[in-house]
Structures are given as C-alpha cells and as structure tokens.
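Multiple structures are listed underneath, in structure tokens.
What follows is a pair of complexes built around chain A, which joins chain B in one and chain C in the other.
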Partner chain A sequence: MGVAGGFLAPSLMGVVVFMGLPFGDVMRRSFLDAVGRAFVGVENYKIVWGNGAFRLAAGNMLRFLVIAVPVLFVVSLVLSLLVFQVGRGIFKTSLVLPMVIPAAAMVLVWKILLCRDGVLNQILSGITGRAWDVDWVNGDTAFWVLMITYVWKNAGYDMLLWLAGLGGISESLYDAARVDGAGGWAQLRYITLPCLQGTMGLVIVLSVVNSFRVYREAYLLAGSYPDQRIYMIPHLFGHWFLTLDVQKMCTAAAILVAGALLAAGAVRGVQSIVR
Partner chain B sequence: MGMISRKTVSKRTAAHLRMMLLAFICLLVWVPFLLMAAACFMPEDELLWRYLSPLGIGKAPVRAALLPSYPTLEPFVELLLRSPGFFVMFWNSCIQVFPMLAGQLLVGAPAAWAFARFDFPGKRGLFGLYVLLMVLPFQVTQVSNYLVLDRLGLLDSHLALILPGIWSTFPVFIMTRSFEAVPGALLEAAYLDGAGELQAFFLVGLPAGFPGIVTALVLGFIDGWNALEQPMAFLKEMRLWPLSLYLPDMVQDKAAVAFAAGMVMMLPPVLLYMNGEGELEQGVAASGVKE
Partner chain C sequence: MMWNRMRGLWRRMAAGLVAAGIVMGNLSGCGSGKEQEMGGGDGQNVSGGNRMEETGGDGEIAAVGRYVEVEMGLPQDVGEDRFVALFYGRDGNLELYMAREEGPEDVSGVRRFLREGEDWRLDEGWWDRVKPQGELVDIRRVFFGLDGNYYFTVMTREDYVCHLYQVQQEGESRELIPEVFQAEEGKEYGLIPTKVEVGKNGNILVHTFDDCVYYQPDGKKLFSMDKAWSGTSESSAGYLTEEEFITGAESGVARYSLDGGKLVETIPYEGVKRESDEGTVLFGDRSGGICMAGEQGLSRVNPGGSLWEQIIDGSLNTMGMKSVYLEEFLAGEDEDYFAAFVGEGGKGLMLCRYMYDPDMSAVPPVTLTVYGLKDNSTVRQTAVLFQKDYPDVRVEVLNGADQDGNVSEDTIRALNTEILGGRGADVLILDGLPGKAYQEKGILMDLRDVFETVQRENPMMEQVLADFTEDDGSIYQMPARISVPLIMGEDPALKAIESLEGMKRYEGEVPLIYTSTYANMLRMVASIRYEEIFGSGTLTEEMLISYLETVKALTDQNHAKSMFTEEEMEKMYISNHEVPYGIYGSDSRFDQGLSGCGMMHLEGMFSVILFEAVLDKHPEARQDTINGIYFPEVLAGVNQNTDQPDLAKEFVRRMFTTEVQKEELFDGFAVNLEAQQINCETDKEGVSVGSGYGDYYIGGSWPDLERRKEIYKIIRTVSVPVVVDETVMRMIVDGAEEYLDGKISAEQAAGGIYRQVRLYEAERE
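Moving on, here comes the complex of A and B:
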C-alpha cells in the first residue's frame, strides 16, 4: 500500500470528507426522525413513497430514462457509424460541439425556435396551410422538447465513445466476412455490434448520469415550476431544499441510489445470461 | 465487368448519400449556432423587431435571420464596456472554475496513477466506490453537502463550489483509464534507468497520460462553466453567482446584450474544445475501450 497510498491519500481524504461522509450521512438520516436522533425504521420511506410530488417526479424521470436513453443510444451509434465511414473531421467536430455550448447561452435560440410565435410553428403553418399556435415548452410537448435537447447535447460525446470502439475493431474481421458473402447488415449484426459490447456499458452509464442534467435545460426554458410532464427529480429536490426538508430529501436520495443499484444489478444479470 | 462497375457505382452513391445525410444532421448544430451568432451583431431595434417574443418582453411573430440586416458591434460594446454586472459574474465563474480544475488535477492525477499502476488490497472496491460517486446525481448528496459546508462556514463563498468540486471523482476515472493505456515497457525502461516512483510519475506518466489529463480538464471546465445546481443550492448572495446562473436574469434586464452575453459565455469552452480536440478524442477513447 505504501507508495500507492501516498499517491492516493490527498484524493481519498477529500473524497471521504466531501463525498463519502455526505453520502453515508444521507443513507443514515433516511432512517432517522426530523432532528436526526431517533431511529424510525422505514417510516420516512412510507411518507416519501406516498408523496404525490415524489411519485410525479420519479415517474417522469423513469419515463425520461426509458425513452430518452435508448433514443440517445441509437442516434449516437448511427452517427458514429456514419462518421466512421465518411471520415471527415468537420462532421465529428460539429457533432461534438453541442456538448461544449453552455445551456444558458443556447436557451434564447431554443425560445426563438419553440415559442408560440417561433420558427417551428411558422414552418409547420407553412407546410400544413393552417395556423399553428403551440407553446412547445409549456404543454404536453415539453417532455419531447427536453428529450430533443438532451439528445442534441449528448449525442456527440456518446459518438466519440462509439468511435473509439469502432476504431478498435480489426479490419480483417470484415474482410473475412466479406469473403464469406456477408452484406452490410450482417456485418453490423455479427461483427460491429458484438465488438462494441464493451463500449455499451459506459455509454449507458454516462447517458443516465447526464439525464439528470436535463434539469438545466428544463430550468432555463421553463423555470423552477415547469409543466408537470417535465417536473423531474431535481425540481423536487430544489423545492424540498428551499424548505430544508432534510428527511424527505435523504430518503428520496436513498430510494434513488437503491433504484440505481437495482438497475445496475439487473443489467449485470442480463449480460451474464446473454453471454 | 458490368457487374463490378455497377457495384462500385452504387457504392459511390451510398457514400454520397451518407455524406449528405451527415451534412444535413450537422445543419441541426449549425443553424442554431448561426441564429445565435447573427443575433449577437444586431442593433437593439432590430433585435426587438425580430425577437420580441423569445426575449420575453412582448408578443410578435419571430422574424428569424441567419444574418443581421444592420450588423453592428454595439451589443458587444454595451456588454463589455457598460455592463459591470456581467463582468462580476464572468469573473465569479473564473474564480470558481479554475481553482477547482487546478485542484482536480493536483489531487486527481496522483490518485489516478495509483489506481492505474499499483496493486493494493481493496483497490477494486475503492475504484468501484469512486465510480459509484461519479455516477450519483448531485441531488443525492445535496443536503448533506449543504450541512457539511454549513458546518465549515463555507456557504455563500466561492469555496462552497470549489472545494467539493475538487474531489469530484469523474476526472480520476478519466485519468485512470488514460494512465492504464501507458505502455508498461516505457515504465520499465524508466525504472531500469534508476527512476524512482515520483520520477516515473512525473517524467513518464504525466506526458504519456496527457490526453487523459486534457480530457479531464476540458470536461471539468465545461461542467463547471455550466454549473447551475450547485450555485443555486449553495450561493444565496447574487454577487457571488456565476455567469451560468446570472445569464437568464440578465436577459430580462438588458435584452439588447442577451445574445452577445451568451456568445461571450460560449467562447471559452468552444475555444478550449477546438484546441484540445485531438487529446479529448484520445482521452474519451481510452475511457471507453477498456472492459
């Protein structure tokens, strides 16, 4: 441990103080009463689980994860295949750019496109010949707007991950397949996708992590009380935080972590069965 | 012969189609960017004529344009010379982000080196813990972080964002992957030449793991420059706010400079990315290939 410990210590100490201890504290408090003294068992969990706002936020978050993450997964994979085959640097640079652009700087452009008097409604009116007057950000469509900004922003980064995986696949595999008469689809199905399995895990994990950051777009576009379809976990925490509702926040956080661990376990299980 | 030529022709069309498709997709990136860039150079009356609704100060049909009709530098002059608030917030962003990045590098790079190059009991578990902490959304530890910062008396100070940020575990993860990709032979040669552990780290590890370091810094910068959740939670006083939190308010105060402010905010991360693109690609690649 000696030398390694020396390298590790500065990081480890800070991680324990600023990450580890708060994390442990959250887990502990989820079982305690409001003052943080008496053990109350699963009482907090019952309260949070029955809380309407929590159900709404968790449901929306889950819906977002189930829909937006696979969309991002497929879009970024297709982009990476296109960029890999065409191989022009300008395309790659352009597609990564949205990740770099701050959300706050982009908000006005989204509003130009999506507000009631905006470009999207004008285009749709032009095409269909009748007047469109949809407030895309503050109605039923808010969820999809959020999903599109999420894919727009994150597709480039995931594409880079896929490209790294694609670059690692030996050309000789494709040559052999071509000799055996495999077409494009067969090559994709039996060579490319299996070889990208290692990349998949990281793409999914980072996509899930980044899905919590759509809060930035949601907040900037619709404020802290948005349409209830995009009322996400971060909004809920923001509101509980204002009243410093420590118990509820800790309990909800613990439920989140449990959910994440369960999901990770399920993915592992599925992977081990598939292999 | 006819078969082959038909095949190559169809192959070439396919390649053209792919290129056109990609170009079209890239338009989805470029058009919003151009809308923004054009609006930066519009005088106030043109802005109000075109974008009254999006600016939230009235209602009128949007008249979008990819080029300004009356180009002017007026918004930038106004912003850079006559908007002291913008400067304060820009400076706040810098104060909060750069020390955090320096700290991440200072504590993160050695830790990543330890994870990548040494074997010690509990290494796998510990690294797993780092990854878990990296994956946790900010909200999970928000309250406890708040309580810790409160006890340390750091709330409502720049340090409230800097200190927790330094020990973010994401840069450690990225740099570890990059250090793992350093060829072992390079190190062995160094040890044979009598290098100690510190020399090996500084003279071999850091240069060879450079893409990972740049990647961690660029991604860390983007995230810090964009920070919204942390300042919202830990900074009550507006004079400490970073640009990312202040910009939406600014739009309401000074519509004329809103787009220019967005552009100035966008420049540092974009320039950074343009300069570090190659390293970023290598670093991201190293993070994804293993396992």
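Moving on, here comes the complex of A and C:
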C-alpha cells in the first residue's frame, strides 16, 4: 500500500487540486449570489430547477445520451465485427478518418449537405421528382442530424476499442464452439459478447464522455441559439457566463453531478441485484 | 572508469560555477545602488536614458525622467486667426505666422511673430512688405529654406493657382518656378502642392499627393521621389536635410539621396504605434535623428537604425487628444520640442512645449484602466485631459474589439473572467456589453454621488439622467453622448412611420423609406418602432409577425436583398455592410425622389450638414424626431471591484464636464447642457461637407445659428432611449432571411424566432 500510495499520490494530488478543489468552490458558489458575496441558501437551486432553459437543455442532454449512445454502441460494434471478419485495410482506415478531420471542416461539409439549398435536398428532389426544401439543421430533423454527426465522428474510435477487445479473445474458444456445432450467431452470443464485457464498460464510458463534446458540432452547425431540440447544457452555460450568472452555472453543475451520481448508484444497485 | 568519474565531477562543478556566476551577476546588476542608468542612452532626452530611483520610503525602485508638456502663451489677439507656420528662422528664434481674413473680399493678412524670451513680438507690416502686389491671394504656407531664405506659397483667388515666392533681403518677394504650378493646356487646374521646401543649394522640392519632384531654381525638373499618399491637400509628411529627403513610405520611412534621388533605405515602422499618416509630422532633430510625431506620441530613430524609440507618450498629453490636429512639431535647442495644434479650420491654435523633467517618474505610478468594445473619441479625450490634471496617473484605454472592430462572445467572456477574478478595468464603457446583467449582478458601482455633482456643476439633460436612474435613485451607467435619428418627408409619409401598420399599408408612388439590405431594414424598423415592438417588455409572436410583414413590405418596395453581388453593389452604389441602427443612404434616396421620406442618424453638427442640405432642397418636407427616440452612446460605468473608486468616479465625472463635452468628436451630441449651448453658438464658417455617387451629389455648409438652435431644440426633446438587444436582433436577422426571400411564411419565420427569443428570455429567469 505504501509503494502503491506513493505512485498514486501525484495523480491523486492532481485530481484533488484540479478537480476536487474547483468542484468544492462550485458547490460553495451554488449557495452564494452571482459575485459570491452573500449567502442565499437554496434560492439558486429553486431558480435553476424552475428555469425552463435548464430543463430543456438537461432534457436534451439526457435524450441524446439515451438515444445516441446505444446507437453508437451498436453501430461501432457491428462495424468492428465486420472489420474483424472481412479485413482491416482501407475499410478500417476510412472508418477512423472522421477522428482526424477538424470539427470546423467537418461541419462545413455537413452544412453543404444539409442546408435548404444543400446536396441532400437536391438528391431527394432528383429521386422523388418533387422539390425538397427542408432545413435539416434547424428543423424537426436537427436532433437526428446531430446524432448522425456524433455517430459518424465517434464510430471509428469505438470500433478500435472493440477491435482491441476482439483481438483478445482466444481463437481456441471459437474452434471448440465450431467443433460443437455452434453457428455464427451462437458464437457471437455465447463467446464474443461475454468476452467483450470489459470492453463494453470502457466503450460506454467513453461514448458518454464524447457525447458531452457534441456541443462543438451543435454550435458550429446551428450557432449560439440552435433549434430547441439540440440546445445543450454547454449552450446554456455559455450564455450564463456572458451575463455573469455564475451562481446558476454552479448550481446547475451541482444538480447535474448529483443526477449523474444518482444514475451511477442506480446502475450499481441494479447490477448487484442481478448478480 | 576513474577518469570518467573525474570528468563527470568536473563537468558538474563547472556547470555549478557558471550558474552561480550568472546568478551573482544578475543580483549585482539589479541591486547596485539606488541610482542606475537604464539602457544605453547617452542623455536625458530619450526614454532609454531613464534613471532608476527609489520612490517613496518603501524601497521601491522605479525609472524616473519623462517629457512634460507645458502650454505656451500665444501672441495677443490671435484666437480667431488661422495657423500658417511655426519654425526656427534666420536668427535662430522661433517664428509664428498666423493668417487673418479681414473680410470676405479682402486678402488674408499674415502676421509674423518672433519669440523673444517668453513673449511674442509682432513684426509690424511684414506681410505688407512681402505680399505679392496686384492679386488677391490666400496664404498657404511660410517656411525657411535650408539656403537661409524665407519663402511662402499662396493661392490666387481668381484662378486658384499656386505661387511660390522668395522673400528678398530688401523685403519684397520674387516669384519662383511659376511654370511648374500653371495649369497645362486643356486642364482646369495646375499643380497644387501639398508642401514646398527649398534645399541648401536653392533647389526646390514640390510635394504632391503621392510623390515629390525636385526642381532647380530655374524650373528644370531634376528627379522625383515616391512618398506615402497625403490624405489632405495641405499637409505632407517629409522634410529636407542638406543631403537627403526623408519621407513616409508604404512600409516605413524612406531616405532619398538628393544626389540623383536614389532611395538610400527604408526604415520599417516596426515598434511604432501609429494608426495612419494623417496628422503625422516627420522632422529631424539636432543630432540627425528622424522623428515622427502623431497621435501616439513622438518616436525617434537614427538614420541607418531600425529601432524606433518612443520619447513622448501621446496618450499622456495633447498629442492624444481627438479634438485637435497636430500641425507642426519641432526639435528645440535645449533638448526640448515644440508643437502646434489647431482645431477645426486651422483655428484655435495651441502651442505646447515638451521639456524633460528628470525627477518625474518615467511611467506614472498609478494606472487607471478604461475598457470598451470600440475605440471611442470621448473616452480618449477625457483620458488626455484627466492625465494632464493627474500627472501621476496613467489612463490606459483598452479596446476589446479585434483589428477590424469586430467583437465576439469570447471577448466578453474574457472580460467576464477578469471581473469574476476580482479584477477587470476600473471604468467600463458599456456599449455592446451586458450592462444590465452587470448591474443586476452587483458588478457596477452606484454612481449617484457622481451625478449629483454633475448636476450641481455641469447639468446634463434631465430626461437622459432620469432614463438611466433606477427607481431607488441609484445610477449604474450613464451615456456621455446621444445620437438621434431625424426624419424628413411630407406628412403622409411621416404619418405612416408612426406605426408598423402604417408603414406596411403605405401606398405611395415611391417606397416609403430606403435602406440597403434585409439586415439593415430589420435593424432600422426595430430602432424606429422600438416601443411598439419591444415596449411591453416581452416580444410576442403576433408582434413579430406584424414586424416581419412590415419589413417584408419595405424590402419588396426597395428590391432589397440579404446580400448584393459585387456587380450589383458597383452598379447601385451600395454595400452589404450592416450599419448601426440600419440607417443607410436614406437621405440621398429621398433627395432623389426615390423614397417617401429620408432618415439620418445624427451624431453631431457635422452630420446635420447633409441632412439640412437635403431639407433645403425640399421645402415641401418637414423634419421631425421619431417619437422622441435617441440612441445612448458611450455608456459609462465603474467596476465595483476597482481598487481606485475615487479616481474611477472622477474619470466618469470628467466625461460629463463641459471641457470634454463641448468638443465635436463624431460620436454623438453632448448631454451636458452648457456644452450644447457652446456647440450651438459655435460658428464654423467655411466648414462644408459633400457626398455623392455616380451623377448624384449633395453638399452643404455649416448650419446657421437659427438652424443650429432648431436642431438643439429637437435634441433636447428626445426622451426615449433605444437600446435594442443585439442577441435578439441577431436572432431576428438570421431567422427572417428566408421569409424575406419568400421561402417560408411570416408565421413560420416568426415562430422560429419567437422560440429562440423565448429560450433567451428563459435563460434569464
């Protein structure tokens, strides 16, 4: 423990200094006024909890997590299985390529494709024979556009994680299964997926973390005030900072962390019940 | 093995000795005595020659030595005269030349004053002795040639031709190279030089707008030399020495040899704070250095050198003032400098002398920071006057906008980060900043005591004061200037402007009102119908639909677009530029009968000139304010976190004094009543303004007293401050484009905008 503690100490100190202390200050400020002079009790919590913009942004974030993360999970897994089976050359490289394309450049292409006079509308007009005049980024489809950009951007990265997991599964297991007459589906269900459990946790955690970064694409695609369906927490925080509503930001952060801890606790609870 | 160890040990010892040597050297360099020379300067006349001295009793070391400005006395009775020249004459004395127009039909009488001690002695009858006989002339410039003779240039009134004269020993004058200035055959005007100089050998250098031509005394052209473009017809940055011609070039200061006109070198401007050549004076000092004086101060470089050294900081004295123009700057005999500043029309001369004070701190020990999102003349004017009265305070004016004047959200975030850290500027100029949010968060200081003093000493407009006073009497921000939109037209058009519905329903032979693009039309209608659209405090969807439909009707009438092509812009003489409040080209369209009414955004009496000129041509039209609206400008507030609350408040108070407010600085009308009165009574006879494009031209001169009174009477009635939230305006501009292009309905566009505005409002709940 002594040696391990010694090795852990620098990292732990970093976390305490750069994460723990600031978060402590965030918690403190959530009970103070905007400039941190006067104690206001739980007033900020009442205000933020009742704030329509916060509810909308938090709801959108949750919706995005619930829908986009599973989609990314499945898509990246399927892609990794295909790559693992078919071959890893150009196919793999092309799937990883979105990771290295700058977001600003990528968003420009999305805009050219998806704006009212964009390529997608022209293709659809050509196919259907009627004029398509849909603003894909600023209308009902905004959420799905954002989700596609998220999946497109992150599928390659997650695929690499899956591939690493797949590479760690012993071929002898599949040989034994085939001798026992197991088909492809049975091999996937009884060998591949159980052996990928460790990788699954990592993929989910990283997908959730990356989902918080989707604000960058949302901002570049639709600006500071996008369609309400893709209005995220970072939009709100950005605007609150402009008007120096620091107390609201701190309170909202505290609420979100509390929500995340509750969710994590619930998951662990369910896991322990299942076990 | 042993040898390797020894070698390693020796290396470590050597490294240690070197390190110790460096540290000791630095320590001894920093702490050797109380007084120490900085830089390699050779005297006290340059900033590099500052000394280090202990200031106060706390052991703090600071550089001392700075040029101090002293205003010089003027000859009696020259207040209304026009400045002509200031230079060292034949006897080594300063000579001042002032022109006086003795009547509209009379020639300019030029008076020559010679500096004697601290006084000026008038050289009686000088002009009568030297002036050209038989012609009515206007003096342009008097100068002392390197050949030891006096010269002057004049313009004849009858044919507007320039003439160069040399003053003879016996007093009379002899004309030189007249053929150079005569109009060529088939041309209306001859060469009008921006400056003329005479070299040691009597050769004559004639400056034009973009080059200088060197002539022999007999008029034979020798060669020409390129120079930076002169923006005005009466000034040119450059000077002759015995062997060289020094002038401004595109990328620096150019040195030409007078032996053939070859370029010797171009000294880059690197390190020199300069905004433009306008108001820049180039001159040589007595040690051969090249000096450049301007708004930023005085900088000097040695011939062959490349490092400019700032000798005088213009932000600390009259050089940085926006209300005066630098006409002349000279090196004196005692390591001092002389400067001549003038006001509008070359009148209102101010002579300043800059003397080195070895005991004054090189940089004022106290800094007061003023932050705004754009460069502002009123703030700069206040800063200079403030520093004159508080020599120990340096006012640092910070401009948050980028080089193109653009402001991003990141700029405001950076400011907010500083404010949250308990820092930030002492004084905030809140134009474009979230002033209301700052006020609500307790970032701004209550300035009621400042404005009690202002009202007691220099009363400002009551209604403006009331508009920015909270219900409990507190005051957090106050506009130092206001701009006012005025409208002109016949009654039906003016009646239509009174409501959105009226504007939409207007049916005239020509469009009701003009502006260029969708964005400008949206901004203009939002500004002039501000109370109707935003007055209830909440923007409703119905109101948005009405507003958008009105704009659609106006843009359709005007064939406006979201953006014009280069070709269209050239053909129609318009631009895609988004202008403040959207008022663009409206007066000229009305003048040409292309719109039912014309509007102008007035920021001072200068902008009234064209408005009045149009009005003069249309006796059927009348002028009016638009429901008494005005635009607050230069909103001043004080940061609650400032360490210097008294200084910051004093700075704000200064912004509202008559001394600052009486200057026409093109950023709005004064709010100070006494300053308004002074401005109203100020007659700038001879000032004229013209504007035109294609075949169209409109011009006018300074309004007469009656007109000025009328304008100020209107200014004093405005009572509705219009501050359109830029975020909301941006949402409207972005969201309305497709509707105005006819791609979606008004309801669809309004719905989209409304949802965004609601979200914006929800964030603030």
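Everything that follows uses one rule, which is that the second predicted complex is superposed on the first by the 240 of 275 C-alpha atoms of A that agree within 3 Å, B and C clash if a C-alpha of one lies under 4 Å from a C-alpha of the other, contacts with A are read in each partner's own complex, and residues count from 1 in each chain.
Methods note: a contact is a pair of C-beta atoms (placed from the backbone, for glycine too) under 8 Å apart; a residue touches a chain by one contact, two chains touch by 3 or more.
Because the structure is a prediction, the values reported are computed rather than measured.
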item	value
Touching partner for A:R116 - first (chain B), second (chain C), both, neither	both
Partner chain in contact with A:A34 - chain B first, chain C second, else both or neither	second
Contacts of A:S172 with chain B and chain C, given as first, second, both or neither	neither
Touching partner for A:G201 - first (chain B), second (chain C), both, neither	first
First, second, both or neither for A:G238, with chain B first and chain C second	both
Contact breadth on chain A, by residue count: chain C or chain B	B
Contacts of A:T128 with chain B and chain C, given as first, second, both or neither	neither
First, second, both or neither for A:V246, with chain B first and chain C second	both
Doubly contacted chain A residues - partners chain C and chain B	116, 238, 241, 244, 246
Residues of chain A touching chain C in the complex	33-35, 37, 47, 50-53, 56, 116, 133, 135, 138, 223-225, 228, 231, 236, 238-246
Chain A-facing residues of chain B, complex	15, 18-19, 21-23, 25-26, 28-30, 32-33, 35-36, 39, 51, 53-56, 59-62, 64, 106-108, 110-111, 113-115, 117-121, 123, 126, 129-130, 133-148, 163-164, 166-167, 169, 172, 197, 201, 222, 225-226, 228-229, 232-233, 243-245, 247-248, 251, 258-259, 261-263, 265-266, 269-270, 272-274, 277, 280-281, 284-291
Chain A - residues contacting chain B, complex	1, 3-8, 10-12, 14-15, 17-23, 25-26, 29, 79, 82-83, 85-86, 88, 90-113, 115-119, 122, 152, 157, 160-161, 163-165, 167-168, 198-199, 201-203, 205, 208-209, 212, 215-216, 219-220, 233-234, 237-238, 241, 244, 246, 249-250, 253, 256-257, 260
List of chain C residues in touch with chain A within their complex	409, 412-413, 416, 419-420, 434, 437-438, 440-443, 640, 727, 731, 734, 738, 743, 752, 755-756, 759-760, 762-765
